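A, B, C and D label the chains in the order they appear, each numbered from 1.
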């Protein structure tokens, strides 16, 4: 890799910075995935990952990225032609819709403006109107990584319950798990989809499905073809601490270390840290005289902040300048937001001074790009960080 | 991990021992998978992986294990109800058949005795009989990891050609690539399926499809639903050095190092080393008075050797004793071979003295298990290793 | 180690942050220090380290820290009772004097105020007065790590030459090498003393003596007892790429990587980067309304900045608060500066955004400590960093 | 480093193979050596290292190799012109004598044949004859790394006591500590000298002095100049968990991991393992029809075995062939043993199968070198390893 003095600032909203002890853990020698040492590891991880999802139910671990876990959630619970209801919160919600269509599902999309989360009332209305229960699943993104908007899953569940509709609730928590509170059981989620490379601070390549009893029941009759993603053999093997095919052993080493780190900091402290950094980031953005993409105070993401640039500015050019001058990677605007926003990731292994460095870099980059930002932006962020 | 003095002998036929510099390479910090540094890495790897497959065509890299790459080969080239012809060389051939059935394909199985490779003549006959070209693909395992038998792919292709049959040839090279010569182009293979964790000496979690023009053409009309595995967006993104969803960046770092190591040793030298170690292993087995599972001299695997234990011996107990006393993992007999064979992996990052230690451990373990093996077995192996 | 989210900010003026690839390089397996692979490494490093010191003469590498290399410089060139002339630039100059006394040397100290570097004129006067050439060596610290003041070695040499005095010039470049230009040959230094853990960005445990012909000549008659530090057997073994006793192989692996990194960035660029970060730091200090310890514009250190706190403030309490709240380590005031200054290290593997984070942490820590600093301090630093 | 497939066999008698978790531990980021996290580490290590030396007294840790710790033992306890009694057990005893002379001590050498350990009776006689107590210290090597002979320290102490002589007993345990039982307190040793890179399985660069009360008392009046090695400031700083100059932090991380590993295996089990491997090695040597250098059954080393080659064979050529053909490093004959012996290191992180591989490599190498060794040698070793 090209050398630049010091550490690169990887402030995309995932993959995130992997803590040093986790990187070292992943570099341990390979062990036999069918031997007793692995078995003990498997039992430990399959048990200890559950609280991170807020569940006492099984969590399936795939050697695949989050996109694969999306597919797994769909193919294990649905049959060809099944209707699913989705909500267009942003780019990733759209990609998940496209995947569902690609798998032969009938996808209903509730439109969104990419600046708000899922409207629970709209979900409730649509389900209430679905008297025949044609809709088999509601698929929503918890934290929309393309917009920095976090949907209120508990309210969506409440709306579904109020509508008395039996659809499954499938939730993409890829960029929230480990950064923003996820409560699979309490919220009545049927499948929570997550990945290793965001709040879990691991390299990419591992992903998850947390599974409710109802989802498991649905999987017994779901008709979409599935082999790699099939929960059945996975859960059977997991019962003995093993996997039906070769697991990615080294990421499991890393996961053990991550679970230790999360436990040491305390999950609630982890979430509070993310919320605090998000607040400081918004203080900076507003101090600069710029606009945060997310419009609803209840929906600001703890994981990332999407920032609108002025109309005459190309956000990608700002990002390129910042990468070139300050060795920092920021997230691009995706889909319809291309060029008009950039995204600051502040999730994972992250602390106050790294945030300060990040915001300083953004501030300098904006000014060098000709955006007349007020240096009080960074000061405002520091004020927030200074507060107890 | 539990400590035992010294290094564990991981002599299963994969996942294999990852070379130290490769482990260290995988522990580098994460980079932005959409940035210019990654792009350069992507271009480099997508180009340099090709010669390892013996192809100038594209090789697709999945963040998934080999089982996923099996699925990818099928769903990209076939449609629901398509007939595929397979040959029962062993456990993994059987699993691939089951996967094909699970995906809704119509699977014809040519029976085998698990001690021979694919019979090219049998393939030729069956195809010749298939006048209507109902069979759309022939799926065979190059090196059957459960038996230590390597099928002769070039002869299979010749038989297919002689039959004038248009079926695709899909080949599982999971435990051969990087250990036994694989010639995707020369042999006329349409999809070569491989994984990271065998001859490529990487941690598990990455897998491959090398794709012929004909396979690519087939993918345009293939009707099995596919999203994660879809070659289309993958190849489109690969053209720019990128991937359509998050790649497993850290294994790509490792792959770069592996390609460097393979280039340094020279691929033909790598294959010769494996063949030589396989010969030495067979010399030991025969010296012990035991039987190698593979019955055809043309089909001995360079990657592993499966050894039959005497009828009154439980091979799994022998393995357990060897693990307990000598901290060495060997491969179990799988499927119908459970308890009657054990498998010695001698592939990947491996040298003469590690083989000597391995064979010494097997010899001691057999004797401690009450199998009256001749100590001349190890001597015979050393004789082979001593020879130039 | 205790976990705190994100990376610790290690902003003491050494040991410094070791770049990730260097850490990984040091974790390679041990090799035989008497074998051909080591020999090639030895030849390479003993050659390539020379330009970093600005010398074509031999550089001796010790498995010891900088303190050991101080001792080596003295015992190889001097005899019991020899007079040496030193200058009290700060804490480390004082420690070196104490060491010289401990070794039985007769130490003349030119007093200093710990806010200026060595006064070349004072050296010249004292040497001119030493008609009998009782003084055998002048020992000065190039970059005084306790004060952030860099002495002008070339001017010292000029003063010595002007005085026509034959004393050796021994220079402690421990915290300058790799951060501030060091020109052993051009400046006529006789022994340059350095360590691994500052500008060379390595873990501590390795140190250096660059040796002039004149120093080497002196070592032939120098009478202080020496064995571990003896240049004679060291240089003899080095000629063959080896060391007279076990070298610290793993730090040598790291050194190879460091030399590659320095070469990639370019030594002059490395020095310019350090100077620029030092300027930005001073801009912050002055913007805060505080005082930089160093009083002479010609002598500001590129490696660290010592900052005076107001009279009623305990600098150590500020540091403790910053460590506790912002997970950043700063350097303490040493010796007579205890409690009245803190030191910001900005050397080694370091970049603009890490500096911004560092200065943000100092600013917040000062304010939380009740020091009424102006937030314009950080802004002023960013202005400097923004400039081309 | 040049790549050869598989892992290099580093079977020199030190530096030894560093366990993977220890290598990874040494690659953690640097911390502030004056901060609270370091302090906790310092207190922990300075306490937990003591039992490994069999002492409840302080153990000083140097950032230096074993040669430095030799010098430290001498300069802290002796004055210029003091007489020391040594015994010529081999190359390292001789080097230590030369060092003592180089420091201006008056060295009495009891001659040895390099095939036996120290003769306690000879020590006793010489001391008894020293009525005036001119001799201030007896310096002996516990495990002579050049010969594979382990001296009986308890008997030496008994002889000293019987002679009623007040000399200090200084013992080089560099290649025994962590491999062969060392009992500083029980044996009445005054200074035990050790290093990191042998039985402690660490990279080279750290060394030790365990210090008796009597040695500490002697240090108060000892007149040899000392600064780097001075116990006084070291013990004072150690009391607070710190070091008087920069410690080698990363090796201290490794030491923590080593102490954990030793504790997990149990020190007595560690010693038994080494003894068992030494027995198996001797069985091989004798089975080959060759001679072990050590002649006294009570003195065989658990750490290494020196093997005499036939008169017409150059041991260094055998080693070179083994390195070239089998990628294994063996120890050379040193000093007067050059060319006539080679040394097999079997200490540190080591297990049965690595020993089997090692001995197989030696056997093949001897045969390829034209030494007509009986292949029964390896068989005999395996017989020993098979035994419970």
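The definition used in the following text is that contacts are C-beta pairs under 8 Å (C-beta built on N, C-alpha and C of every residue); 3 or more make two chains touch, one makes a residue touch a chain.
Bear in mind that the values here come from a model prediction, so they are computed numbers and not experimental data.
Looking at A-B and A-C side by side, the one with more C-beta contacts is A-B. With every chain reduced to the mean of its CA atoms, the largest distance from chain A is reached by D.
Taking each chain's centre as the average of its CA atoms, chain A and chain B sit 34 Å apart. One inter-chain figure worth recording: chain A and chain D are separated by 54 Å, centre to centre, where each centre is the mean of the chain's CA atoms. Spacing of chain A relative to chain C, judged by their CA centroids, is 45 angstrom. Touching two or more other chains at once are residues 1, 7, 17, 20-21, 24, 27-29 of chain A. Arrangement of the chains shown, judged by which pairs touch: all-to-all, with no pair of chains left without contact. Contacts from chain B toward chain D in the complex involve residues 1, 3-7, 9, 17, 19-21, 261, 264-265, 270, 273, 325-328, 349-358, 360-361, 363-364, 367-368, 375, 378-379, 382, 385-386. Every residue of chain D that touches chain A in the complex is listed here, in rising order: 20-21, 24-25, 27-29. Considering their complex, residues 1-2, 7-8, 10, 12, 14-18, 23-24, 26-37, 41, 63-68, 71, 80, 99, 102-104, 195, 197, 203-206, 224-228, 230, 245-251, 323, 329, 332 of chain B touch chain A.
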